Amino acid sequence: MALASAPPPSPARRLLATGAGLARSRTLVIGGGLLLLLVLLSLCASWVTATDPLQIRPRARLRAPDWTYLFGTDSLGRDVFSRVLHGGQVSLMVGLLSAALAAAVGTAVGLLAGISRLVDAVVMRVVDGLMAIPSLLLAVAIVSLVGPNLLSIVSAIAIAEVPRVTRLVRGVVLTVREEPYVRAAEGLGIPTPLLLVRHILPSCIAPLVVQTTHMIAAAILAEAVLGFLGVGFPPELPTWGNILAEGRPVFQRAPWTIVFPGLFLGATVLAVNILGDGLRDRLDPRLARTVKATP
Amino acid sequence: MMNRRDLASLLLAGLATVTLIGGPAAAAEPKTLKVSPHASLRVLDPITTNAYITRNHGYLVYDTLFSMDAGFRPQPQMVQSWTVSDDKLTYDFVLRDGLAFHDGAPVTAEDCVASLQRWAKRDLVGRRLAAATAEMKAVDPRTIRIVLKAPFGQMLQALSKPSSFVPFIMPKRIADTPPDQNITEIVGSGPFKFVAGEFQPGVKVVYERNTAYVPRSEAPSAMAGGKVAKVDRIEWISFPDMQASVNALKKGEIDLIENMTADVKATLDGAADVVIQKRSGKSAATIRFNWSQPPFSDVKVRKAVQLAVSQRDYMDAIIGDEDAYQICPSMFICGTPMESNAGVVGTVEADLAKAKAMLAQSSYKGERVVLITPNIVSFSGLAPLTQQVLRSIGINAEIQTMEWSTFLSRRTLEKPVAEGGWNLANAVFTTLDLYSPLANLNFDARGPGAYTGFVNDPKTEALKNTFAAESDPAKQKAIAEEMQTRAYDQVFYIPLGIYNNFAAYRSNVRNFIDSSIPVFWGIEKN
Amino acid sequence: MTAPAAAPDPILEVRDLTVSLPGGLDRANAVEGLGFDVHRRQIVCLVGESGSGKSVTAAAVMQLLPRRVLRVTGGTIRLEGRDLTAAGAAQMCRLRGNRMAMVFQEPLTALNPVMRIGTQIAEVLRIHRPDMAAAEVEARVLALMEDVRLPDPAALRRVYPHQISGGQRQRVMIAMALALEPALIIADEPTTALDVTTQAQILRLFRDLLTHHDSGVLLITHDFGVVADVADHVVVMRHGRMVESGPPGQVLTRPSHPYTRMLIDAVPRFRFRAAVPAAAAPALQVSNLQLTYRSRSFTGKKRETHALDDVSFTIDPGETLGIVGESGSGKTTLARCLLRFEMPDSGQIRFGGRDLAAASRRDLRDHRRRIQMVFQDPYKSLNPRRHVGQSLVEGPVHHGVPKREAAERAAGLLEMVGLGGDAMRRFPHEFSGGQRQRICIARALAMEPEIIVADEPVSALDVSVQAQVLELFEELRRRIGFSMLFITHDLRIASNICDRVGVMHRGRLVEIGRTEDIFRNPGHAYTRELLAAVPGGALGTAGER
Amino acid sequence: MGYLILKRIAAAVPVVLVVATIVFFLLRLSPGDPAMVLAGDMASPQDVAEIRARLGLDRPLPVQYATWLGEMARGNFGVSILSKQPVLDLIRARLEPTFVLAFCAIVLTVLLAVPLGAIAAWYHNSWIDRVVMAMSVAGFSIPAFVIGYLLILGFSMSLDLFPSQGYVSPFDDPLAAARHLVLPSLTLAVVFMALIARVTRSSVLDVLGEDFVRTARAKGNVERRVLWRHALPNAAIPIITVIGVGVALLISGVVVTESVFNIPGVGLLTIDAILARDYPIVQGLILFFALVFVGVNLLIDIIYVVVDPRIRY
């Protein structure tokens, strides 16, 4: 349309993008490193500590941290250190699974919206409706109604995130669809589903990866909030949310029951978010624009 | 120390008094007692729900014919005098002077009859009484006559039944409401009036002093004695969690926390201007079996569990504070008239070797058993510890945690686990639920359709009938001991120990009556 | 400091200017050792291809270089004798807009979209003349708008930038630049984003203003046509260095540097093709094509835009039909309809014995193989994540050609468009714009189409590259013999490549016929207007036979 | 403008309908029986069946759905199962604290987060930027209840500056109300501020790269004026959009915050209702929240037209 010759990106501009990307990878290293450490600690919980996270010790309740119980014991005399590490397995799994599920479903639905206007209209109405229900409320409602288990909690958290992913993917689909290279492929006679998967989906990957990391963080938090509100996993299962919820009534008496799981939770979410930010800076093509902005 | 906020609220309260009440009352500063109750009051009708909070609300607003004193003895309350015929079949109760409902109407015998009839349709003991009753009527405005078909030795205990359901007296026009429908108007003749306009379910309940109330002259004792209201206004303020109310008490934002566990109490130890009081009412934790399904239909399996349980372990694990708990094998709870050690097996200390041996003789084949538990705080430690105990003798137990309501409906199912049933459940009672051999739900032994667990023991049911007819306390006690021996032998359930809860209040609050049920007469605030 | 020389003092004196790039690039400096002067009432043109450093020079003068990225590392820039490279931030703020002003390339984005245009013009006065009375400011704004020949200034100053046309926006920019009679106006490609007819008007305005105002103008452009039309002095740049400078007469007609000569030679000029005998049956026949966009504004009024209004034409086998017109004339919509990316409201597109406009989805797939498109922007028309081979093979494979065969053919095609066979395994970003357009052409040809629709295929390319790509089209057509619909805004390019040409204006094909006939004897007033607006008229005629 | 509002309302209707449908089936298809809750601990199966019939829970699902939709349309949100009060009345009684709290949080956010974000964008890649972004990430990473407890411990229990819980209406006693609102508003605002600061930053960064900012500089604007007068108004659209979408975040936050600070608002009602399985209240609340969300976003659409002359519908 424009008659002008839009000049190709100058070398200076291209350089800027890579330069800034390198500077930012520090956040990637910090976030990734911290996360790796926490994940490893959780995964190797059984090697790191020999104590059974479920073992009740009637005469060792609410012990302050010492060399036997690194993080102290809770109100049933269970070892908080062991519980926090083992709890990490569940919490991290919830984070990963919900984010993955939300990303998968959201992407599929978002791509579907790219097929035709009618499908788009229907899908988007449902998405708008889901969007209008506050995510935490939806999750709380689903879990408290269906009953708490891994499947229900993961899907409850995921459902709340699906609309966001769908909108993201749909946005990319609608934009990329108009790109000449997609038009060109369409002109080659490539059918729509293949077009979506081969030419449009790859453009969604970068924003999806970023969104997914943030969803992992949000999901880990959501599990904790569900636990806090008393509608999370069954209490006998150590998860960060449950450990926090159990510590809540004795918090002022035995702060270690809250402080240590809280620290682990906070650090993990922080690490994932930092990682997400790092990835965004790395992957988001808009970076070029932000660099141009420098006065 | 008075800060600006207190000053402001005082001024405001004063202002409100002037505008609302006006006149001479404005001169006196109204005394408001702000209370954190143990739960949120939602249902106002004490006959449609057995929730403790609604019962407590009932004690503020309503009065009873008889009430129970600290020694678990029935004492007259609204009743001036009563007579029993020689054949023990006709009771006449005469109401005392000056009784009036909050709407100004005098309390009549007709009101009492209607109220008792409504109650008797809901309450277990009430049903027993109704079954034994030939006729209940108002002889004159002040006299109620109950004519029995057969002797009912527990008459006064029934009319003073302290815990849900309580035979509260309400106006006939209200008591005529069907017992499964909520009453909408809260009018009683008790020492406090319910302020309907300020009621916010789940947030706040407000009561005002009933200035027209004529208390008895006796000193207060538990639910009995003179109910003298000494504060002008009581506000029940709901809190979403215990810690918030503890903080509010520490800061003087509320005056009284009615009930807290030993763990919470510990966070208040040493707090300035706060008094902690151990409540006399006790809680009793239990394990209940499902008799209708294997493996616990086999008494040997139940006995094995009985031998594996140590009350001390349970109490240490869930309470911890030795001053707050008590090892108590009595099924009618230590400190009550029926307390006894008859027939006690195991209980205090575990004997794992014997338990395993017993299990080996039983029909248990290592199948998975399901322990159901609600996700509420007072139950939180019970299920995991029970699971640990069961595993220690080789019973493969799985915990299923659920919503309170799901728990309630699930535990009434007499189906196999595979079809949504259950094998074990923890339950927590209070002294008032258990001290009476008739009202004690653990002795509901009617089999299918009985209280959850479906204990099936006709012998116990027969003993209860004998007990109901018996009026000699010594003989009653003997029957109760026989019942307990039978229950231990057949392992109706396993008592896990009893523990105290605590009340805490600001130091300017005095004379909080030590009662199983928190009552708010007698209490003063300076 | 500088003693006045015999010649009047230059307003702007650039000496030995060096702007350095951050490390790691193909060259160390964006601008190196540049020097030139701008005098009063003089237009100095800085001309060069993309990457020549001309825009960086403009930003350096305004001291608007991106911080921490580009830095002036040597030389001086003197504005009315004051060295700007040594000026502080506050001093620069006082000078900008006041003693020197700038007009940017894209007037839509260069104006604040949420501020009324009157306010934007007035802002310059408010910043630099804070004590000027409101009424005075208003009067001055109106006068300025009058000056730049904006219609109905009193009403227009209350509207927002998006509500006026591109040309009007650029006039607003110029009014802002003139507000305080600055010594120097820098115009960075001020007409590039505009239609040809508007471009001519704006250039005329620049010239005229110099007769009223005392400013000097530094005009940055890539277009030798513009240079020929307005320049008093020309500076040719390449890779950040000055190649040659002098008066336009000398530089344009007797360039001393081969690069300048190459650039000038690459400027398209009118050059018509020999007539092709008419064929018996057309390859494509479009009749009465109609497409109307309807939108409803929130006041409830319906708005109709006739994107295509009763368009009919034919293309013979082997023939190239040009479609010329300005932006918004419906050229691109027409292309989209031919490929059925867009569904016409009515009319027929007869192709291969069938009506494309009514084709079902399945028919469409087959048809799309036989009619291929080449897009304007070579940077966006290749999937950046797939290597060139994949892009070339994808279409044929999908239509049943065995993979190996398709790959062989693709390699052959790459050879044919002037790229080596190793291009197959490389990604688009490894190629320059011209090379990418060659790949796009190869991709279209891989389908062995009967018709190629080329939508402004060279307008995103530098002039020197433009010429090469056009040559490629010519050569391929000779060798393969496809028909082509060639869309362009540039009449000179159309004259080079099209057998026949159609002129589009507001969705209508106002005129169609042999290229030479139309351009030599335009029948329609609009065609005449277009021809008159072609920049560098002098150059144009010079190239004619 | 009237036409715009009508059109937006029309567009909101299907959204609300979708929400209603989701809510209805979500709650009805789940296990757990409200009749059981109502009947209580010792009820017989007959009692439960009777209650179920009275509530209409025994009829086929589509019939229940149709009846329910009809009632909704007439503004009848039903009666609470537990307290027997009309749901609408219950919600209405709880509105004030929640709206006051949310209002304070939004004001706090706009006053703090927008300038912070803008400044971070302005000093892109400097330490200020890093500090603001670090705070924003932290805000996202710490659960609201933890923040709430920390604030209570610090500012209420230790320093004794503010009350630890409760709500006083600003219409009764503005001073006391303010004291009661400080900590909860802060708690509620933290996540929101993190979000808004972030969006403001990236939006301002985008705008700073626009040509008209260069124009503004070329006019001789000082940098501060470029930021506040030119960049920020243009960055407003995404910020306002996110404020609209963020209302959902705020609603979730309200639930937690009210529970931590014992504020008798809609959030607390929500938790109570969900834990008690009070279906009609839960339905009413979710619909209510959806309406608020849709309403706020409608309002935002109208604000768009005011702040951005380019937008027309």
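Here are some notes:
Going in written order, the chains are labelled A, B, C and D, and every chain counts its residues from 1.
Simple rule for what comes next: contacts are C-beta pairs under 8 Å (C-beta built on N, C-alpha and C of every residue); 3 or more make two chains touch, one makes a residue touch a chain.
Computed from a predicted structure; not experimentally measured.
Distance from each chain's C-alpha mean to the overall C-alpha mean is smallest for D. Between the interfaces A-B and B-D, more contacting C-beta pairs are found at B-D. With centres defined as mean CA coordinates, chain D is found 48 Å away from chain C.
Note on chain placement: the centre of chain B and the centre of chain C lie 87 Å apart, centres being C-alpha means. A straight line joining the Cα centres of chain B and chain D is 40 Å long. Shared contact sites, meaning residues of chain B that touch two or more other chains, fall at 241, 403, 406.
Within chain C, residues 64 each touch two or more of the remaining chains. The set of chain D residues that touch two or more partner chains comprises 31-32, 217, 223, 259, 271, 275, 277. The touch graph of these protein chains has some other shape, matching none of line, ring, star or complete.
In the complex of the two chains, the chain B residues touching chain D come out as 4-5, 8-9, 12, 40, 42-43, 48-51, 124, 180, 182, 184, 200-204, 237-241, 244-245, 247-248, 250-251, 253, 403-406, 408-409, 449, 451.
Residues of chain D that touch chain A in their complex: 14-19, 21-23, 26-27, 30-32, 121, 124-125, 133, 137-138, 140-146, 149, 202, 205-209, 213, 217, 223, 245, 248-249, 251-252, 255-256, 259, 270-271, 274-275, 277, 282, 285-286, 289-290, 293-294. Those residues of chain C that touch chain A in the complex are listed here as 21-22, 24-27, 30, 50-51, 56, 64, 66-70, 105, 189, 192-196, 222, 326-328, 332, 339, 341, 364-366, 368-369, 371-373, 375-377, 379-385, 391, 394-395, 398-399, 432-433, 440, 443, 447, 456, 459-462, 489-490. Within the complex formed with chain C, the residues of chain A that make contact are 1-8, 10-12, 15-16, 19, 179-191, 194, 199, 202-203, 291-292, 294-295. On the chain D side of its complex with chain C, the touching residues are 1, 3-4, 7, 210-212, 214-223, 225, 230, 233-234, 307-310, 312-313.
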